[in-house]
Amino acid sequence: MSIKVGIVDTTFARVDMGSVAEKTLKEIAPNALIYRYTVPGIKDIPVAAKKLIEEKGCDGVITLGWVGSTLTDKLSYVVASLALQLVQLKTNKHIIDVTVHEDEAEKPEELVKIALDRTVKHCRNLVTLVTQGGEGLRRYAGKGLRQGREDVGPLTKT
Amino acid sequence: MSIKVGIVDTTFARVDMGSVAEKTLKEIAPNALIYRYTVPGIKDIPVAAKKLIEEKGCDGVITLGWVGSTLTDKLSYVVASLALQLVQLKTNKHIIDVTVHEDEAEKPEELVKIALDRTVKHCRNLVTLVTQGGEGLRRYAGKGLRQGREDVGPLTKT
Amino acid sequence: MSIKVGIVDTTFARVDMGSVAEKTLKEIAPNALIYRYTVPGIKDIPVAAKKLIEEKGCDGVITLGWVGSTLTDKLSYVVASLALQLVQLKTNKHIIDVTVHEDEAEKPEELVKIALDRTVKHCRNLVTLVTQGGEGLRRYAGKGLRQGREDVGPLTKT
Amino acid sequence: MSIKVGIVDTTFARVDMGSVAEKTLKEIAPNALIYRYTVPGIKDIPVAAKKLIEEKGCDGVITLGWVGSTLTDKLSYVVASLALQLVQLKTNKHIIDVTVHEDEAEKPEELVKIALDRTVKHCRNLVTLVTQGGEGLRRYAGKGLRQGREDVGPLTKT
Amino acid sequence: MSIKVGIVDTTFARVDMGSVAEKTLKEIAPNALIYRYTVPGIKDIPVAAKKLIEEKGCDGVITLGWVGSTLTDKLSYVVASLALQLVQLKTNKHIIDVTVHEDEAEKPEELVKIALDRTVKHCRNLVTLVTQGGEGLRRYAGKGLRQGREDVGPLTKT
């Protein structure tokens, strides 16, 4: 049985993370049905994610936000991100809320790198959660994994 | 079949964005039924938007807030904006939450320019979302579009 | 048919805005039934407003909060104000969330002036919204009205 | 008919405000049934308050939180306090959300004084609200009452 | 009758707090059924906690988050933590929302120590709450207990 995965991305973003996610999901879950929904900015994402779950029957969604560096942008991030929590709690489905913040890097090429790495890794996380539930990531628990940058690793040896 | 679009604006705003939105919507969606609701300030917007959707049957709403530059204003923005998320999640309709912040520009004429540009562009976004769903903005995904200012463009060539 | 209007005020406030609201409402809406509910502080306001709507049948409510100047006070403002949004969205009734912040003015007499002006003007706003809906304030849309201070006016001539 | 009042307190607090509240409530409402629920910290308070109302039938609850002075502590305060609003709106019962913040005073003895005064005065407020509704505090409206410190009084003579 | 306890942990964390919690719970509640759910980061925790309660029937859950030191991390903490409140209020079950913040200590070994101590002590708190309700922690009320560090004790003798 194939899974259904949703992608919500924005026209505000400066990297086409949606297409990267689409390509990645097709590679790691070739049988998955993929639904994509493009909105203007991060505050338009939550209702789109909800519609993908409720109207398209998605088993999980990855959302790809791009956040400016002003205080207003940060506040909008809180608003959008909290609404994504509400969608998850309403539907009992995972939504991986990926965001790239413009204050994460000084150079554009670094921001691009963060966006691509974060998108790809979180696509994998989403597929693992959707197909294997809470067991699939067990072996990485506490391992200091990072998306967007290199893993920092655990602070202790186990 | 014509669409129904709601506009919520405020008496606090220093630019009559509601009339601009009304005019813009009539141009780009001549058959649309347009409902307008004017409230005092941003914290009065969410229930008005909800009433336009539930009582007038609007398929989508554009809200036009004006936000002062104090910390209290910013906090009120969070409050209003989060409530607009709740309305969207309750109704599964898009509400484009347009706000102009007084700290975005130093000169009044620049604020006016931002307000007009943002209103017009987001009217287009709303009509696209309401009439074409998540597909309509696909070709602009990750293109660094901006409302209120010129587009900044994508960081990568695709 | 007379309207029912609720007033929620606090013992924390340093101006008896509740009595001012009561007097103002009686003047501008002589047939209105007025319900008043006094609570200790702003965080006690939302449930009181909800009770006035659900148990007394109020068509709209004005709440009169007084906010200290510490970070904790500001955070409490967010909490109370967001809860007032929830009440509005639950009941589809307008609640005008009036607050006076102690950092708005240095001199006590100025704070008093702000409190009185804001209360009176928002009483008018509430009655307009309750009796005329979203049309009543249309002519002031984008006019830069202020409550607590003088109107700043629009930035453009229309 | 006796009222039922709930007390939620924490092991994080450095003053046993729960016992103070219990003693105070017994003095001012000798016939009241008192339920007490002790949790680790402020984020554990809301569900406890909800259970006291829904499972024990409490007519009102006083919660006694103690908040550290870091940014994380302040954010946790927002989270807990907002959740207490949700409980109130769900149940239509007053919950007086008492908190003592470690940055309110420099000396421990002053913090103790604040904690005791605030607890005692808010117990009185709760009993008044539960037994007399929105009328009971009317005569103190706008009087600048404070809990934890001396009343500051009104800014105007009425 | 055995209790069911859930553990939600992350791959972002740099200490395997989930395994520590699992071991601790087995020691202090040998008959407990333990369910573990590993997610990428803190924003993925709330829906996992909800699923453990609703789908596995957990009587209580401990969540183990790791929070970076940027403003964005702090905001994500608020978002996740507030969502955990919503899960508690929806289910009337305690969720102990444990988080370790990277700005709590300068040295890695100190962070590890905090993580371990906090996890162990809060496992005890959870079992006490689940098995004894609001009475179990009564004797520690106001005692200035700390998790992650040594107890600071009460400010007054009782």
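Here the chain labels run A, B, C, D and E in written order, and each chain numbers its own residues starting at 1.
The working rule: a contact is a pair of C-beta atoms (placed from the backbone, for glycine too) under 8 Å apart; a residue touches a chain by one contact, two chains touch by 3 or more.
Keep in mind the model is a prediction, meaning the values are calculated, not measured.
Engineer: Expressed in steps between touching chains, what is the minimal separation of chain B and chain C?
Structural biologist: The distance in steps between these two chains is 1.
Engineer: How many angstrom lie between the centres of chain B and chain E, each centre taken as the mean Cα position?
Structural biologist: The answer is 40 Å.
Engineer: What is the distance, in whole Å, between the centres of chain C and chain D, each centre taken as the mean of its C-alpha atoms?
Structural biologist: The mean C-alpha positions of chain C and chain D differ by 25 Å.
Engineer: Scan chain E for residues touching two or more other chains and write them down.
Structural biologist: 78, 82, 86
Engineer: From the touch relation defined up front, give the order of chains around the ring, starting at chain A and going on to chain E.
Structural biologist: A, E, D, C, B
Engineer: Touching residues of chain A toward chain E in the complex: what are they?
Structural biologist: Going through chain A, the ones touching chain E are 67, 74, 77-78, 81-82, 84-86, 88-89, 92-97, 99, 101, 103, 122, 125, 129, 133-138, 140-147, 152-156, 158.
Engineer: Help me check something: in the complex, which residues belonging to chain C touch chain D?
Structural biologist: Counting only chain C, the residues touching chain D are 8-19, 35-40, 43-44, 46-48, 50-52, 54-55, 71-72, 75-76, 78-80, 82-83, 86-87, 90, 108-109, 111-112.
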